[in-house]
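Presented below is the structure to which this report refers.
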Amino acid sequence: MNSKLIGYAALFVGIALLPALGAYPIFVMKVLCYALFACAFNLLVGFTGLLSFGHAAFLGTAGYVCGHALKVWGLPTPVGLVVGSLAAAGVGLVFGMLAIRRSGIYFSMITLALAQMLYFFFLQAPFTGGEDGLQSVPRGSFLGLDLTNDLTLFYVVLGIFIAAFWLIYRIVHSPFGQVLTSIRENEARATSLGYDTAHFKLLAFVLSAGLAGLAGATKTLMLGFATLTDAIWTTSGLVILMTLVGGMGTLVGPIVGALVIIALENKIGDLGKLLADTTGVAWFNGLGESVSLVTGLIFIVCVLAFRRGLVGEAMALWEKRRKPPATSAS
Amino acid sequence: MATPALEISNLHAWYGESHILHGINLSVQPGQVVTLLGRNGAGRTTTLRAILGLTGARKGSIKIHGEEAIDLATHRIAQLGIGYCPEERGIFASLTAEENLRLPPPLRSKRGKAMSEAEIYAMFPNLAERRHSPGTRLSGGEQQMLAVARILRTGADILLLDEISEGLAPVIVQALARMIRTLKSQGFTIVMVEQNFRFAAPLADHFVVIEHGEVVLSFPAADLPAHQARMDELLSV
Amino acid sequence: MSEFILETQDLTKEFKGFTAVDSVNLRVQRGHIHALLGPNGAGKTTCFNLLTKFLTPTRGRIVFAGHDITGETSAQIARRGVIRSFQISAVFPHLTVLENVRIGLQRFTGTSFHFWKGLTGLKTLDAKVLALLELVDLRDMAHLKAADLPYGRKRALEIATTMAMEPQLMLLDEPTQGMGHEDVDRVTALIKRVAEGRTVLMVEHNMKVVASIADRITVLARGAVLAEGDYATVSKHPAVLEAYMGTEATELAGAH
Amino acid sequence: MTELFGIPMPALLGQLLLGLVNGSFYAMLSLGLAVIFGMLNIINFAHGALYMMGAFLAWMGMDLLGLNYWVMLGLAPLLVGLLGIVIERTMLQWLYKLDHLYGLLLTFGITLVIEGVFRSFYGVSGQPYSVPDALQGATNLGFMILPNYRGWVVVASLVVCFAVWALIEKTSLGATLRAGTENPRLVQAFGINVPRMVTLTYAGGVALAAFAGVLAAPILQVSALMGSNLIIVVFAVVVIGGMGSILGSIVTGLGLGIIEGLTKVFYPEASNTVVFVVMAIVLLVRPAGLFGKEK
Amino acid sequence: QVSGDVIKIGIITDMSGLYADIDGQGGVEAIKMAIADAKGMAAGKKIELLFADHQNKADVASAKAREWLDTQGLDVLVGGTNSGANLAMAKVAAEKKRVFISIGAASARLTNEDCTPYTVHYAYDTVALANGTGNAVVKSGGKNWYFLTADYAFGASLQADTTAVVQKAGGKIVGSVKHPLSASDFSSFLLQAQGSGAQILGLANAGGDTINSIKAANEFGVTKTMKLAGLLMFINDVHSLGLKATEGMYLTDGWYWNQSAESRAWSRRFFEKMKRMPSMLQAADYSAIAHYLKAVDATKTDDSDKVIAKMKATKINDFFAKNGEIGADGRMRYDMYLMQVKKQAESKEPWDYYNVVQTIPANEAYTKLADSKCPLVKK
């Protein structure tokens, strides 16, 4: 347990030092926001087995609401973040009540469709700015810190991330988390023990939506805008991919997944140029525009061969080495 | 002796993680009728399903007319000449009685005699009458007849019949008994699972008793009196 | 208080064009071990599913301890003290044996929705859990993952979890299915032991088990009750012999 | 001019007819999804991408090889069907034992790859594809001028949908398919090569999508993203219909197209969302969908 | 003084979407020509060019802009097509105090409500389009208008500005319908327009959207009852629709390749590279960058404030514009043209599509500096 804590602490200290080591703070913040988004998503899929294909809705809702709160209502930054997250949680409650009625693929399809409905709403609602997005959201200040400075903002974002991660850790290791695990493992059995599994799933859904909202609100704060990209279904797909690549149901997996995917999105153009230069195949130059092709391939590979994700596979390897043969059946 | 129609050795089978069959051995000569006996849950149905590769994992050897079938896909095994009438009947709800009847295609091996539809309807007049009703609207007995009837069309020569007398009125059971005699006289090889000993006893050439996934007793019909006591112990409750 | 803890009236379940449970009137007496018998597909599991609301009856009424529970949800019924096991073993495979049982007990702490709390609060339950595990000989394995248990032990774990809920009525679906001889005996003894002071309704194919512990037996065939009574009565009932147990030795001899 | 609820009749009928055109696409796509789901238990996310491919193949056939619309109407589904065989054999078949969600995820990945390929070659802007000569022009229906091509789309898709329905419900091949969706293991035990049947079903389902794509090419812009927005609406259609019956998916598809058309008349702002709103209502009232079986 | 010892130019535009033909790769090429014509050097330093695709998404554009400005030491950012993306980039550039030249965007907001000290808006805007086409159409008798509007910043601006012009000229707006950017099916929108009974269908959209709405209008026979007014049409659009579908249409443009010998000469060079004639935007890309580079040369620095001041102080005189002038609000004002699409028979060579009907003087085409809503304009 303790070694785990040390591990997390080391991870966060490492992240905190990144800008000092020359990393572009906005990039790191972007990874952190997506990592939080993925962790929130993972809270649902990894611990209840419900695969939501509509999580972008929460990211988007919180982005718009937080942006509107800061820009139009002029609320203080922390309040804006909270309002955004609560709005996402509220949407989560409504979606959850509908979607929880079905499970498996149907659940995924329903969340996808509901999110798309919200997307169209955002497309037309006046306060979102439609295709143009909600722009020029002021960063304001956070407990007296001026956030217009990228570095200050970075530490605040990191702080938010750590707090949220801690909350997720808490949820997973709480009495509630125990029930969730049991539902994922064997829902019928959990029901037969007297748990109203729908209520537990709904709470998990709302918590996940709220935390995804926090990610969206933070992202809006950091970039200064909220747009439809946050709410569109490919973003829902992206977060699934991040979680899948990192490892569903592991705590750190989504963070790793977010890093890999965001880095890939940002650097793939360079990679393409490199490949084009070394191989002489000009087509690679266009790789930057083919992010979806590459992410698609990763998806396929993950589903076919890598279902536990990077962290999951690493953990499995580790376990195998520590505990040679499986306990033999008597 | 000729090549056995069906020869099973050391067959193991699992459902998920429960290990159900623990090394079944069974040899059936062409034209023979073998009856599998045992208590509920002993593993008789599982034996039939394992022959066709319908259980989870399995291992051992299954030879059909001398050909090893353990690694074949289910439909390839069937093509070697097997007609299967499952315990749960397996009548398809979305198909009419006639469609159910016509579902199994003629098998390539065609060692047995493929009955024509007319012959079948002659044998089971009820079915002719209800040929256009959805399969599951038939009464339990009719469904049972249909399940047997549809494998008689295919030209399979090894019939695996799982409790076909279950739930049928005595008259029908008698008809089935006659049918099995006919089939036997036509050279079919039959492996049947039966609870209804009264039905099975006069038909069988050979009895096999299964208990906890193992063959505990196997003897020709002629030796029945000699094994009476042991049978009592194994089958009675 | 009525002497029957559970009564069904005219309980019926139809699946598309087919009746799996057909007007069953079942009465389970308080304190009994009541066995439900019948050939495969007779509707036993479906009956359990109806009693626990995993399926909704097409018709009929279910009364438990004087309350009409026909309209209640699975979880509500469970909270009334009707706890079931499943035909195919139902443990939480990636939780430890201890956690498996604790999940059940946790319900009584009222903290199940507390997502902000740590697990320390649950640790107070551990002593009770271990005592229960002792009862089913699982104490030594308390910290293994349930998935790593041999099959028979999983069934024992399932029974322990069921027991932890201190149910008034336990529904056990083929608790000995898929077990070796010794496990069967162990589990039989276990059921006998845990049945003290409560009521058990069980489905079982293994007649030896039924004969040795059942106070009363109901035989189903094709969804309907075929016979009811104690073992002696039922095992001589001609319809039962015909439909279920097979012809007896005497007739077996007479067949030739 | 006659009016209904303050809406001029011609506008109403016109939008209804356009709704029917959209509904034809919903019907064809949800039908393919239903057929595939029945046999493979997989929700084929790639359906939209393969529909797009159908349209693109039509365009490429014309652009690169000079093959006309009618040739491509046959050829594109064939090619996409072949691709379907490859997808099923090399990827999907490994997933049947796993949770169905993996099928959804895998086909989602396939979607991204297919779209990515077309995007990297053709960008996201639409390629124009002209209406075949025989169907040029428009017919004045009195209440609206209906381009002949759109009329053809409705007719062709209805014919195809009902042909598929008849194939499945009325032929012995269809009987085998239906039996296969109920109990594939048993069907295989009768000596039928079920794995091959599964492959062909997938191929057939996606060929249907490609056919829809070719039909759509002259109406819509042929673009890499034309399938991805449509497929989500089709998912909603499927949730509403409930994967119960073949006929159900056809009826639901057409019905929702019409509902959408009506919305465009009465409350255009909601026309994008109406299908999803209907879905929410249906979920509240009948969680299993209109034609769905109770689980 | 030149930061980083290099003059870095970046262009972010639509390279793959519905506006890719109008600017896109061709725009990049035009800038490359400008750099080449400056011999790759300005103020004695090397010039470098970066380009990226914003996919018509404001967030992609602004994130990329921010990254380049933060990490690449970009000196001047060129915003290609799409007003939404340009409004977003203008904010980032202003925040980072770097020169931003918006070329493809139409929205006049860039030099009004949303103006910044660092924004230069080149080529055209919605006001100029409205003044040109809107006036011409009303004058030729088209009084009742219905708008088909692209649902984003540009569409809204164009509709609003045209509405003002039409109403001022005595016309009437009967209704409007918004369609999503990059829509694929226009049929139901057109049906609504047809039901309105208006004479003129004003297409407040652009690029692929305009092309498709015109096609569908023909298909549904809308053209039989209404006249189309393409409020923003580029030569590429006319090219892909063909003269048959477009002949006789009025449109407003800031530049036409065949308008003068100078223009023809430059355009032929462009044609060599791209195999098609340049649009107004591509020519403007060249002109704007050449103007910027001259300002850098003159001030011997890449300091934004100094360069901008110089750019505003110098008139633009090249093949693209005569006596063009950048105002305090950032608007580059120059003469615009009302064009009419030639009849098929009149067209002598490929890309020979327009007759110049009227020159609209700069001060009539654009919002007067004094009327600008930009707070930078001292009144």
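So that you can tell them apart, the chains are marked A, B, C, D and E in the order they are listed, and the count of residues begins at 1 in each.
In this section, contacts are C-beta pairs under 8 Å (C-beta built on N, C-alpha and C of every residue); 3 or more make two chains touch, one makes a residue touch a chain.
Computed from a prediction, not measured in an experiment: that's the story for all the values here.
In terms of the distance between Cα centroids, chain B is separated most widely from E.
Put simply, the C-alpha centre of chain A and that of chain C have 42 angstrom between them. Note on chain placement: the centre of chain A and the centre of chain D lie 32 Å apart, centres being C-alpha means. Between the CA-based centres of chain C and chain E the separation comes to 76 Å, rounded to the whole angstrom.
With centres taken as mean Cα positions, chain E sits 80 Å from chain B.
Chain E has residues 15-16 in contact with two or more other chains.
For chain A, the set of residues that touch two or more other chains comprises 123-124, 289.
Multi-chain contact residues of chain D (touching two or more other chains) are listed as 119. Chain pairs recorded as touching, per the definition above, are A-C, A-D, A-E, B-C, B-D, D-E. Every residue of chain D that touches chain E in the complex is listed here, in rising order: 8, 10-11, 14-15, 18, 21, 119, 123-126, 128, 131, 138, 140, 144-145, 147, 149-150, 219-221, 223, 226, 261, 264, 268, 271. Interface residues of chain B facing chain D in the complex, by the touch rule stated above, are 52, 54, 73-75, 78-79, 82, 84, 86, 90, 92-95, 99-100, 102-105, 107-108, 151, 154. Within the complex formed with chain C, the residues of chain A that make contact are 167, 170-171, 173-179, 181-182, 185-186, 188-197, 199-200, 203, 207, 326-327, 329-330. Interface of chain E with chain A (complex): residues 15-16, 53, 56-60, 62-63, 66-67, 70-71, 83-84, 87-88, 91, 151-153, 180-181. Within the complex formed with chain D, the chain A residues making contact are 51, 53, 98, 101-102, 104-106, 108-110, 112-114, 116-117, 120-121, 123-124, 233-234, 237, 240, 244, 286, 289-300, 302-304, 307.
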